[in-house]
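The block underneath contains the structure these notes are about, expressed in structure tokens.
Note that the chains are named A, B and C in the order they appear, and that numbering of residues resets to 1 at the start of each chain.
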């Protein structure tokens, strides 16, 4: 069985600066995988490469065994990979419900049709409503996304990401900037919405990482220096030197 | 949780559209003068054109400076089709001529849209302008098709009368325009409620995110541009029938700018905004141009003031009052509005007299001297006094308006407090 | 040969004039993200101000006074117009400058009328500088080139040797970083906007009398300048420079060629008559097609190289 997501010798340079320097990574189906690493290690760039936002310099990316290298983001999304953004990236002048609805339409096969009434599409409405409820924004269903609170926006961000029913979900710092209770809610939400799916997340909060991830990869200077279960990572010497030793300063930021 | 789709036709919708249709039907029975009728015909055409423009600007976030290309080319193709029908080379009912215009518009939308919609934002705006200039320059190169300076004229009365309808009398043309206007309004509104229409809004808000939910924003923009050029072509065909003349001006940059002004003044954020804008601007253009040669300047100033102080257009000024209306607080705002209106009128008098005096002295003096009259007062613009008075009025008006704006603001603060209190209750 | 040399010089002087406009437009666009629709209107105002000033106190003072007056207008536009609409986004900014261009044209109608004004080349420069075969080349054209090149050099030093110039340069390559530099961004914006307006005004002073000073000049030059900016690549000064010269040459040279496709057909031995299909298209001469050529070049560029000649980014 092919891996859900596989990176083969992925390189990315901006000008002369190499940001991603030969990353090999295989993520199994149903796995919850966290990518950690100090600031500037290239975690967000890695997500941008996987999701097609930036082109690769060299290397290959396989989704469910199929090569998706060089495809446009919308093509990659249609093949079952969805991502969230570190800085909330939603449709500000649409309501919460409409945001979700836009995110489910393609996957339900309605494409660019201009002869069907959106309000008449039962399947779209049911699915959008169930996702709004799942992300606990039922009360804010008809509020414009632009006026939501920060935690609500982050929940919507996750909702828009998972709405299309993609099998591989990439979450970029889903709990960044949240209070402890908000983080706990977010973790419960992530656990809930990614059941039966493959999750890859970038996260700074170690309690989230160690609580949620089946396996962890440590990215330092554009290279994966270790991949393993939380216990293996915790006890890995190289990781401790390169990364966990700086955890205190990371979190105080 | 079984979802029940809302009925396609419900009471509120039936009322809105029924009322719109009724207004379209009844208007010429109330305003029977020929200039009123021709103005209403113009309004109908402008409404279709402005709504089609807003499919780009308001709904998809594409600022086009070349939308008249589709309007004008639609008009040219229809006028040639009409002439062919007149010559007996081609059979097509005049009633359905707008379809020919629409298809012509669509055809050029397919071609030009392919080039322009690969871009968005400012590059799209510039390229649309470049295409408009290109078509305008071409229009002078091919006189056989575009008719050179004089344009192409036609006769809309062709073939046999069907049930007494010849489209000779302008009232019949009005009803033709009104009918198409109604159909196009419904169609364009319906379009906003489809998957494509909703995704156009999503692309407008955040094209990148649209990509990450599976949609290609370029494709959405392209489709919206094609559909919008179809409606623009319909409007162009109606213009050809209405005026029986199509000139190179119809494809020109000025015409493109005009539809932009209409939509923006009306309000691009609401479906009905461009309708208001089209009616108001058409009215201003025909009414004001009778009184002063400087009307374009007043019009431009009005546009600039709207951008600076009410970028949402008239539609947003109306909807701004919806919450106040719901808690029955609008009457608390009325006194401050009256005061502000009076202060604005004083300022306006100052501006108008200065502009008209400059105009008299600089441009009209050679023919008619510097004697003039404004607001029923006769004076000589070559003397100092009227200038001093005008400048004083201007400053007093500005001062009054500044004070009035504070009054309006404080009234709004009170109303907002009531609204918030009701909301949290 | 004679025709070629004279036209080459003419296209060079025109191209340099275009660059004085497109450089300002590019700088403003790169810094502020605003495509200034009224940029060519500042060019027109420069010409009209120079006309008025030169009637009162002569051409040489006008060469200084008019650009300064236009720069002041530019500063006011930025301070009280653009800065107000900035919060509504780029579309509103673009529309504001569009409305401004509209109003400036109407004000020019109002004050100076619709007909061209008699803004003449100063008598001191109204002689022939040298002759190319039988053609006397006017000294004023040489003067135009000197002023443009002088301006170019001044601009180059301003951009490379002054503090504000370095900030502007940084913003060309890293538009998002300017604000984090800790400089007084609004004031930098105002300076750039006023500077761009001054350049346009100066172009108007020296171009208005060489060509024609009329209310339509803003619209006709304005779109060409946009074509130059798109063709050269938005945000690239070097691209704007090359594109200015190319578009200037295309426009100037096309005027001189009265050949059409019919001539080509005749050469190839293809018989054509007024009844042939598409006869209208075949009989268009290059000089007639001249006005369209820049736009066709632009569209071709967009199809094959959307970023423009030397552009690094899109919008």
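Quick notes on this structure:
Methods note: a contact is a pair of C-beta atoms (placed from the backbone, for glycine too) under 8 Å apart; a residue touches a chain by one contact, two chains touch by 3 or more.
The model shown is predicted, which means the values in this text are computed figures rather than measured ones.
Under the touch definition stated at the top, subunit A and subunit C share these contacting partners: B. Taking the mean of all protein C-alpha atoms as the reference point, the chain centroid lying nearest to it belongs to B. Of all chains, the one whose mean C-alpha position sits at the greatest distance from that of subunit C is A.
Rounded to whole angstrom units, the spacing between the C-alpha centres of subunit A and subunit C is 47.
Averaging Cα coordinates per chain places subunit B and subunit C 31 Å apart. Subunit A and subunit B have centres, each the mean of its CA atoms, that are 44 Å apart. The part of subunit C that touches subunit B in the complex is made up of residues 29, 33, 35, 81, 84-85, 88, 90-92, 94-96, 98-100, 102-103, 106-107, 109-113, 219, 223, 226-227, 229-230, 234, 280-281, 284, 288-289, 291-292, 295-296, 298-299, 302-303, 306, 314-315. Contact residues of subunit B toward subunit C in the complex are 57, 61, 63, 65, 115, 118-127, 129-131, 133-134, 137-138, 140-145, 253, 257, 260, 264, 294, 296-297, 300-301, 303-304, 307-308, 311, 355, 358-359, 362-363.
Every residue of subunit B that touches subunit A in the complex is listed here, in rising order: 1-3, 5-6, 8, 190-191, 193-199, 201-202, 204-206, 208-216, 219-220, 223, 227. Within the complex formed with subunit B, the residues of subunit A that make contact are 51, 53, 72-74, 77-78, 82-83, 85, 89-94, 98, 101-103, 105-107, 110-122, 125-126, 129-130, 160-161, 163-164.
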